[in-house]
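Order of writing sets the labels: A, B, C and D. Residues in every chain begin at 1.
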Amino acid sequence: MSEFFQATVLLGLLTAGVRLATPFLFAGLGEMLSQRSGVLNLGVEGIMLIGAFVSFFVAFESGNLYLGLLAAILAGAFMGLLTAFVSVTMKAVQGISGIGIHILGLGLSGLFFRLTMGSISTMRGFPRLAIPILKDIPVLGRVLFNQNWMVYAALLLVPISWAVIYKTTFGLKVRSVGENPHAADSLGISVTRVRYICVVIGSIMASIAGAFLTIGQHEAAFVNNIAAGRGFIAVALVYFAKWNPLGVLAGAFLFSMIDAFQLRIQIIDIGIPYEIPVMLPYIVTIVVLALSTRGRVLGPTALTKPFVRGVHT
Amino acid sequence: MSAIKKSVPSVQSIELRSVTKRFPGVLANDSVSLSFESSRVHTLLGENGAGKSTLMHVMYGMYAPDEGQILVNGSPVHFRSPKDAAEYGIGMVHQHFMLVPSLSVLENIVLNYPSPRWPFLDLAAARERVVAMSNEYGFGIDPDAKVWQLSVGEQQRVEILRILFRDASYIILDEPTAVLTPLEVKEFMGVLRRLVADGHGIVFITHKLNEALEISDKITVLRSGKVVGETTPCDTDKNQLAGLMVGREVVPTWQKRGAAGEKVILSVRNLSARNNKGLRALNDVSFDLKEGEVLAVAGVSGNGQKELAETIAGLRRIDGGEILLGGSNLAGLDVKQRIDSGLAFIPEERMTMGVVKEFSLIENVILKSHGTPEFASGIFLRAKKIRDSAVQAIKDFDVRTPSADVAAATLSGGNIQKVILARELSSRPKLLIAAQPTRGVDIGASEYIHKRIVQIRNEGVPVLLISEDLDEIISLADRVLVLYEGQVQGIVPPSTPVEEIGLMMTGGNTHYVVDGCEDSETPPTTH
Amino acid sequence: MQLRIWNRNVLVNWGVPIAAVFLALVVGAFFLGLAGANPLVAYRSMFYEALGTRYGLTETVVKAVPLLLVGLGICIAFRTGMINIGAEGQMIIGAITGTAFALSFPGLPAPLLILFSFLAGFVGGALYGFIPGILKAHLNVNEILTTVMLNSVALQLQFLLLRGLMMDPQERAYGTGYPQSASIVEAARLSRLIPRARIHSGVFIAIILAVIVFVLLWKTTIGYRMRAVGKNYDAAVYGGIRVKRYLVLSMVLAGGLAGLAGTIEVVGVHYRLLDGVSAGYGFSGIVAALFGQLHPLGTIPSAFFFGALLFGAERLQRSVGVPSAMVHVIQGLVVVFVVSSDYLTKRFLQKRVDVGFKRLRQEGVAAPEELPLQGRSHE
Amino acid sequence: GAAEVDDGVLRIGVILPSGRDDMSWSQGMYEGVSAVVANMGAGNAQMAVTENVPNPVDAGAAIRDYANQGFNIIIAHGSQYQNPLMEVAADFPEVTFAHGTAFETSSNIFAYDPQAQLGAYLFGWLAAQMTNSQVLGIVGPVRAGDAIKYNYGFIQGVEAANPSVRVLESYTGSFGDNIQAKEMAEAHINARADILTGTAQQVVGAIQAVSENDGVYWFANDTDQSPLAPNSIIASQAYSWETVVQYMVDSHMAGKLGGEIISLDLTNERIQLVFNPVLADLVPADLMAQFESKKADVASGAIQVRLPE
């Protein structure tokens, strides 16, 4: 047991936690924006899969990782438009339409993988990028500043999201649209446009989260269903976060750190069936949320409610 | 500060030419032609559903007219959204408040207003101007308060500030006084006069005829989407306006009979409770309610009336004290058990609490009684009995609907209130709590609701009437309880001068404690 | 007249989603073409195989049974306002408890054994639904979060049992160690309806349950209350309904039905508990329920339709040689198009109500008598 | 009914739980059948594949489909397919069915059973000699089936060579979650493991992690996985499905439709230990020689590799 607390192991734990949290940060912050505007996008998982495939395929064929990332952004935008069309314009039941988008993403990524690549291939993804000076900070330096740039980008997105939501005119519009779309509408804000923008940005971020799973790894590969449920966890974390970017950060880290921790608990073999540690991140997340929620949570009031002018809900 | 002040053209006149607006199956405005001028108060009257709000939404760019034209200062305009209307200097305070509760006053005011520091918000610059305007009109609003913390009256002032902030020269006010107390109405009228004096044009929508007669320069009456009359206060009177609105003469058809009984049915002792914000909302409230008595609770909105009704109904936890109904304590009972012990409640939130909007009228009528042996055997609903009884109730209460199977959402506010009335009164209650039963309801329906309330009072059922409409209180009440900051200021007879009641409502006077004084027999006042 | 309106409503209720399915298939044709198949041939084979052959029909039914059972639970949960994404997990737990019972009491007479296995499966799923239900009702923990997380937990629980307590002793003896339980005894198995096909008597149970759920939701006080809670929580509280109780109950019933689906898969199809018993029905069942307008009786045809779709599309890889991912592409498209069409259905139906109002207005209200008036009159 | 196609062409239907390109279990069988069919020539043999059917319901439909379409040999490549396979087999006595890892047979059913523990033992033995850090790691999917057999064999091999070498063993709880397998491998490496191994399709992720870290190596299972990471995979235990399939084809043609458990082991060479030529220098010649003699002992049964209970 004592060996567990060795510095290198602890460092590894933290480093892995940060790495594991990255896709949750991208997808979770995107989902948060979408939900802030009143749209539940349950299709994140499918969009992640599409982003993972498209980025890998384009990077593999072109040899240019950035081109791959760009392709993921475009594919994410496309899926976002589709999601927004279904949820905003067609006013679909959002819980269900999201499952549809998920299944579609799963299918399309698998189909195109087979049609274009046909077999598992690997390539070099984004390399680690140690940030000079910062990387030499004891402990923190190695944990935080010796990752690839997508990890830094994800971390940076936390304060950026925070600033966008609370400090910009756009963020104010988003908050009003998610809270009282009739009020926003009465001031000439296009509820539809704001929701489209948020859903599209959210989907792009989900797609980037997917790209992180392929080209964001030092050794990159795409395999079917590579997201393996991470998209759903990202959605769940938004509820955990109570729609706050810092909450998303906290949730993503809580979940990922416990995940990294359970991987290591298994290794030191404390004599319990390994399934118990595997369940740990899920159970702890539920328990923490249960303990931290008191009374009514003030979420975006209009979440999942389609907007129809003049029809108050 | 001046950096964010845009120059907005001043509206001299607005003209609507043959405006028609349809919704699926509804002709909301039928070729309406009207003209509006600056420095004038133009009042719109009409029954619920007459098309007043829709017409104003057309003028404000929320709906494009299906036919017809809007002219501003003589030249035709084409509004694609409220933003376009705002650019012409038109602003609107809506019937349903258009504020975002979780945002601060300032944030609500600058929402979708160009920021000098775009893309960032610049609240500091806006704050100065808002504070200045707030002081100018004597609003006293804290710009950093969250809107959900404000009283209804304050929220309305935020809406007005928002319009002024945008330099609107023409202001549409859709039923602004429905939520105000007499005192607030008085202040509000002052604000209107100031605005007019400053050169603003005003459209004022109301259901209260004396307000219309008091403030208007011009009055237009709409019925079924058409303009049925246009007049000025000097050329008309209440009765004529009422007749014009509903298409028949409105005369009170009810009469309070007999004095209230002596038997105490409801006894509230030292009741304390908190509001949604966790603050003390009721403080040591005590009163008795007797057989066949209407006890009206008067008070400025937000002084504990809502909490009083909810604690008695079991929707809110009590902090202390007791509520005795027919001698037994309600404190330990949940909502269901209170309903079972004969408590009927017409809630203030008609649309969000009073009905399940997606349910049919039948299903709404049985919301509280579906489990009784009359309507259920075991767990099974007795469909035929339910239908027969509900259809009868809907007929009895004069609900205007093509069928008892339509969703409640499709009915007008007044008719929804009648459905609620049908449900609450057909259960033969031991006690009725009626919170704001006629707020926003047109004259015809109000009259009907008053008739029903008085009817059950005459049958001996005590009624706790919560209202912000002093006319209503004075005409219906046997005694008037005034609440101020959660405390009973006094219980007075309805014959007490309105000014004195008004003073008590603002905490100004407490020497009028005359609980248990003689019941007055006030004749119904005509509207 | 009454009948005509009803007919037209039915036409809209079913016609719009069917048109949506058609559109989805048109888009799907594009992808089939990309994958090198002739879309017409593919679709013909898809529908012919699923609906036109005896064997295909029976397999469609085999898939429809769990879809229907899960869908019924979804009807209850969603109608009560609970977004239950946890049917996968509930199904797994139900399969575990149902199998555990059948394995523990092999000596019971057949009807009892089956009945109690069902009960065990129902109770298992119900308990697993109870967790998110109680967390939502009393601690206001979002049910999407809990059900998503609990799906993963159920899967691990299943592995834990299947490689431990519940592993087939033969797997152990032989050293193959595959995570599956022993076979349940003959007496615990549902009868097969026709030879050389897996269609089993569970289909009758599912249909009977659909009727029961329909009665529950629309003919009983319990259903009335659950629907009221789902449509308007505040009004339900105000109406004296013990909302927390019904929130929990809806999840218990939804979980129970999913659990029963798990058990029926075991006693009707697999005869043992094994990995993959939930087979995505927990998600597809949600879609089936929605396609059935969240109506238990509507979910019957809808479950059969999705059973056929899943079977037919899965078969495409054998009949026209497209990649297996095509199943998901077509299924995803159908879901996306169908949920989108829901709005159109509502709009069409809304019109009918509005026309009723218009008639009312024309008949009575819109004929006001003139009143004398000073000032100008426009009439 | 069975649409008998009597054109003399042997039709083989294969049902795979994951993709035919999974670089492990499914791909191995896919390539095996492909090779047999190619050898026989298109005029004599044809194959059809149903892939990505982890659940037995769809697999059951596929099995019956193939039987109905007159396929001669139907291979359901997974333990979970046992029930549907037995059912359909009873209805089609003239068709040969096969499944594995399994032990249930009947007159027209072959079961096949790869003895994963054998090569694993040898790899464990070798790894224990080669490790610098004295720590090895096993990245498991779900602790069942092939994975336990393999892992148990590996651990026995390590113990036989050097009991003081530690083997870290852990599981992701999923067969296909590459990213999690990768993190798990990182965790092992972080705990100083320098040679890792593991099974199931998820190992693609673990192998990525291994190839990211210099001086860390991998022993592979199922197929020759060295193309995935030519600089990191020392050797692979590859199942020679081709010979298994060939054996079943021959039996079928000879009129023996089933009734046998086909073992894949070192003696019958249906298990092959393939060393990666790129890393040939890594294993010194004398160690390699010892390895070969160990291999002979294991094959002959002189060394008994136990199965987990």
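The rule we apply is simple: contacts are C-beta pairs under 8 Å (C-beta built on N, C-alpha and C of every residue); 3 or more make two chains touch, one makes a residue touch a chain.
Worth saying up front: this structure is predicted, and the values here are computed from it rather than measured.
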item	value
Chain pair, B-C or A-D, that carries the greater number of C-beta contacts	B-C
Rounded Å distance between subunit B and subunit C, as computed from the means of their C-alpha atoms	43
CA centroid of subunit C to CA centroid of subunit D, Å	37
Whole-Å separation of chain centres (CA-atom averages), subunit A against subunit C	28
Where subunit B touches two or more other chains at once, by residue number	none
Multi-partner residues of subunit C (each touching 2 or more other chains)	156, 159, 324-325
Multi-chain contact residues (two or more partners), subunit D	19, 52, 143, 173
Chain-chain contacts as defined at top	A-B, A-C, A-D, B-C, C-D
Touching residues on subunit D, where the partner in the complex is subunit A	18-19, 21-23, 52, 137, 143, 168-174, 176-180, 182-184, 186-188, 190-191, 201, 204-205, 208-209, 211-212, 228-229
Subunit D - residues contacting subunit C, complex	19, 48-58, 60-62, 64-66, 68, 79-80, 82-84, 87, 91, 101-103, 113, 142-146, 148-149, 173, 307-309
Interfacial residue positions of subunit C with respect to subunit A in the complex	31, 34-35, 78, 83, 85, 135, 139-142, 144-146, 148-150, 152-153, 156-157, 159-160, 164, 283, 286-287, 290, 323-336, 338-344
Footprint of subunit A on subunit B - complex, ascending	57, 60-63, 81-84, 86, 92, 94, 96-103, 107-108, 110-112, 115, 118-121, 351
Residues of subunit A that touch subunit D when the two form their complex	3, 8-9, 12-13, 16, 19-20, 110, 114, 118-120, 122, 213, 217-221, 223-226, 228, 230, 259-260, 263-264, 266-267, 269, 274-275, 278
